[in-house]
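One chain, chain A, appears in both complexes that follow, with chain B as partner in the first and chain C in the second.
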Partner chain A sequence: MNEMVKVDRRDAKLALAHIYVAFIALALGGLAGLLQTLVRSGKFELPANISYYTILTTHGVLLGLVLTTFFIIGFQFAAVSRTAGTFSDRVRFWGWVGFWLMTVGTAITAFFILIGQASVLYTFYAPLQAHPGFYLGLTLVVVGSWVSGFAIFAHYARWKKEHPKQVSPLLTFMAVANMILWLVCSLGVAATVLIQLLPWSLGLVDRINVLVSRTLFWYFGHPLVYFWLLPAYMVWYAIVPKIIGGKIFSDSLARLSFILFLFFSIPVGFHHQLMEPGIDPFWKYVQVVLTFMVAIPSLMTAFAMFATFELYGRSKGATGLFGWLRKLPWGDARFFAPFVGMAFFIPAGAGGLVNASHQLDQVVHNTIWITGHFHLTLATTVVLTFFGAAYWLVPHLSGRVMTKAMNRLAIIQTIVWVIGMTFMSGSMHFAGLLGAPRRSAFSTYGNSPQALEWIPYQIAQAVGGTILFIGIILVLIIITNLAFFAPKGETEFPVAEVAEGAERTPLAMENWKLWIGITVALILIAYTIPFIDMIQNAPPGSKGYKLW
Partner chain B sequence: MAKEKMKGKATEDSNLKGTLASVFLLGFFLIFTWVSVYYLFLERL
Partner chain C sequence: MHIHKYEKIWLIFGIGCLFVFLTIIGVSAFAKGNQPPSCLTTIDPEKVDQTPPFNKPGLVKTGDNEYQLNMVAAAFAFTPAQVEIRKGAKVTINITTKDVIHGFEVVGTNINMMVEPGYVNSFTKTFDKTGEYTILCNEYCGAGHHMMTARIKVVD
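Up next is the complex of A and B:
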């Protein structure tokens, strides 16, 4: 029973390939991020006429889209292979097809961004118009991710067939839920790219319905953030308890929260469009209510995490209200990095509640507050959890072990990230409250007194950004070491077990037909009428603009 | 300090007072942030 379960070597190669691309994206995207903060401080200008928006598009696409999608799919392949058994040759073959589609797509998109023909930012909002190659590359990335998603579904279906009347392994269940979420939401971005943006950039049609394209984008864009977050939750619910030596607080609660995320993360895209004219306030209100429903699984998760830690700490004899905190393995980077990620989700979530409230969004909309917000959610909570996972996943897959020295470096890396992000994101939040816009290079706006107020915060952002860039160099050193240079050996892929006293998980949890049915029903309720309205009462549409 | 109950395993195991306190603190923080920005909104009306 106690022998170590390993991911099959061939599956490991597939997972590792994804992780390499993710970290290459981190290196290049991080450099772009550093340049942005330096430009925005007013003390530095980009050389050789490079546009700020070329850099910013590179940063957003590489870190928001490429790093995330590649890491997540690689991690999920590994987690499914580890918990539901080695892939068949066919599943693995399609996994590689997915990988190459995504990689070639990324290369094409990156090419057109870097030659300056696609400075449309990672949201590619119309009427900004990129070279068709940009949209084509993105399409390949999405199609590749679908292929990988179906490979995971096929493997899951085989497991279910071979284990009738059994509940599937938790991590496999979670990966399947996340890929369903991804599939349902990416249909929206595929629709706007294939039906609207691509024909329009090819010159086949002249004008585009801007509101429809933005709505389809955010139909995709909000669930996208949950597609990033759920793998982090997989680590928190199903892996961190094992690392600290504890148990999963409740398997059912973990599955239920994933199902609730599937329901409530899609029909809520309007909370990104609260300031957009042309959408009836009633439907904005409906989607804001649904948005606040996401607070339920989020608070469930917070509760489950606190409970896991407290139960463990008390089992080790901790006393007092918070004594259990001291029993946690602070010196273990596999725990420390994800834990810091969790802690940062508290201010991140608080900011999210502000963003989602219509009136408060008027205070922060399109300010650098928003950028500060998602550098907490994505660039700290999610990314630190991924780093923490990589610290055992990469050596597990490469057949190596993390040395004490590397573990220490990983702890330092986490602390560096905390310091850098506190400076950068903190000053972004404050400058945003004072009205500083996001997505703009340095300007004093004709020495307007309001814009001059922002400058100290912008300098603090550059200080934070520089510290963060050091953090990126450190994590790249650690990952390169774990992949190629660390001593050979066996590293555990930790998978936690459920606490003894916990309720048994009901089989009904895997009634996917019902869950998908409810998801689709909620989407139809939230979107049908406003969508018809947008098409029936559409203005003439817009020509494309290339502002470079 | 309060070790008297160490023997009553069932109750000691399911002591989640710290979790309750943590969740409350979390809730207060969320409300505090929201209300702060709400006041900023009102001030700028």
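Up next is the complex of A and C:
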């Protein structure tokens, strides 16, 4: 019990490299976000002819794609190495190959965005046509993540071989499930980039099928958000219980929820395309039904988390209906930050159900309500959980310890984030209901009285954005301290154990062939017929446009 | 697999809610006709100016108090840019684009459509409140995206 299991130093270096890139992306992408909210308040203009949309593309790519992917892969490498043992040299080598592919890809993409050759936003909808280098860079990021995914699979396979008839460690299982999800979904974006966008931007083909390209993008785009969310769930299920001193409520149900995410997070992309021509409403509804199913594993997660908290509180002598809440370690940033993230997922998830409902989506589609929504899900729930994880992960990997002062700063950081996000996301939700569009620079639409009503909300967004930027500066101070300046020492990588008396996890949980088979079947049911329709009834394709 | 009794209650309640929501959406969509805009008509995006009805964008009377509003989106404007509609008129808005993807949103209503090259999108709405409504593009289309706007005036 007293002997601390540590991530091997060489594996730690690999994980840390990913985390450094992630936080550099946070710094730059956060600055871009601050500038956006200031421009949209109507009180500021960008200097030197910098385009709002260049900044917006930078923000989306760096925070939506780079911060997330790098942090997740770094975290998962650490978690797999910690729970399934040190990597072989080969696995570690391929891990570095993945890292460099992703890093070089990011640099190429960022270069073409910053020289103004790719102001196409992070969704890069055709027929807006970016420089081929933009698509090439993104391809390298995705291919790099695949290499890292296969490195994790190889390590998992070796563990299974060395431990016949044993259930794999929970964190390793979850990392494998998340990387399978990522692989299956990123095939869609790889297909549109490699078969459609890249040849078209190079001039090898003249025209592109816009609807097919969008559909492939959203086949990827929704599971992408679950690829972000599942590592947060890994922290909640398998790490937070240890931090508070409790146990995992149920190992099997935790695994089951991850399998359900694998099933239901992919065949749902049409709920991003509800307002779109060329797709029969029947198939939109089929995917709306599947979208709602993905709420089930989140309901299970909510139950498991609060059961863990309550059981722990009662074991410490808490009485009354909510007495256990007082027993939780509120002063520990490793708990506090992820807990706040969890709490924010309640309104965030409810908003998600609104967005996925046909008739309600007609009111909010492409309004800034949507931006408000994913600043709750990704930019609060997921990001605060990642920050909370970084508070022990970074010092564990760097061989340092978090001081009391840094812990206090991390608590303040979390509170700053809550205040900033309440202002920003809250006013985004309200302005969205009044019709304010997302992804648009400041405009009064010819002094339209309706558009003038949005301005107070836009000022509130700038206030919130400024507070959030202070939050980013704080977290960067903490992470830099933990990586380079904190006192040397040993920090625990917390991994929780299953509650006593819980049932043994059935081995059938790891029947990946069956799980992948069901995933593929659901994808085929949801997509085959509408996709054939799109191709058979395709209009003439589109030439590329560079309208920025 | 063992599931705790409370968790069963929680999941039955949660999943039950989801099915109630889905039933409401489904009945509204399929029985009451509140489907999202999903027009399946295609068009050659380079020949919009020659293809009826988009060769003559504007409001066309099609019946007693029924109209068609044919609109064209292109970077960075809607044609026509000003439309006057009688209060109580039932208007079917048809829209297509000559270049990239645009959005068509009438602020303060549930008219919200993606406008994609090669496709016509369509939505029918009865305007029963007078006033001036702002139309705007809500899908990023380039440098002038936030300038892309038009007006609908609903008059007595």
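By definition in this document, the second predicted complex is superposed on the first by the 547 of 548 C-alpha atoms of A that agree within 3 Å, B and C clash if a C-alpha of one lies under 4 Å from a C-alpha of the other, contacts with A are read in each partner's own complex, and residues count from 1 in each chain.
Going forward, a residue touches a chain if its C-beta (ideal position, glycine included) is under 8 Å from a C-beta of that chain, and two chains touch if they have at least 3 such contacts.
The structure displayed is predicted, hence computed values, not measured ones.
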item: Room on chain A for both chain B and chain C (clash or fit); value: fit
item: Broader residue contact with chain A after superposition on the shared chain, chain B or chain C; value: C
item: First, second, both or neither for A:Gln362, with chain B first and chain C second; value: both
item: Touched partner set for A:Tyr545, first chain B, second chain C, both or neither; value: second
item: First, second, both or neither for A:Ile532, with chain B first and chain C second; value: neither
item: Chain A as apex of chain B and chain C, Cα-centre angle in degrees (nearest 10); value: 80
item: Partner chain(s) touched by A:Leu452 [first = chain B, second = chain C, both, neither]; value: neither
item: Partner chain in contact with A:Ala521 - chain B first, chain C second, else both or neither; value: neither
item: Which superposed partner A:Trp324 touches (first chain B, second chain C, both, neither); value: first
item: Which of chain B and chain C A:Ser315 touches, first, second, both or neither; value: first
item: Chain B versus chain C as contact partner of A:Val5, first or second or both or neither; value: neither
item: Touched partner set for A:Ile346, first chain B, second chain C, both or neither; value: first
item: Minimum C-alpha spacing, chains overlaid - chain B and chain C, in Å; value: 5
item: Contact residues common to both interfaces of chain A (with chain B and with chain C); value: 299, 303, 307, 353, 357, 359, 362-363
item: Contact footprint of chain A on chain B as seen in their complex; value: 1-3, 12-19, 21-23, 26, 29-30, 33-34, 37-38, 40-41, 44
item: Contacting residues of chain C [partner chain A, same complex]; value: 1-4, 6-7, 10-11, 14-15, 18, 21-22, 25-26, 28-30, 34-46, 75, 99-101, 103, 105, 107-108, 110-122, 132-134, 136-147, 149, 151
item: Contacting residues of chain A [partner chain C, same complex]; value: 51, 53, 56, 119, 121, 125, 127-128, 210-211, 214, 250, 252-253, 256, 273-281, 284-285, 288-289, 292-293, 295-296, 299-300, 303-304, 307, 353, 357-359, 361-363, 365-367, 434-435, 437-443, 445-446, 448-451, 503, 506, 537-542, 545, 547-548
item: Residue ranges of chain A in contact with chain B within the complex; value: 299, 302-303, 306-307, 310-311, 313-315, 319-325, 346-347, 349-351, 353-354, 357, 359-360, 362-364, 433, 501
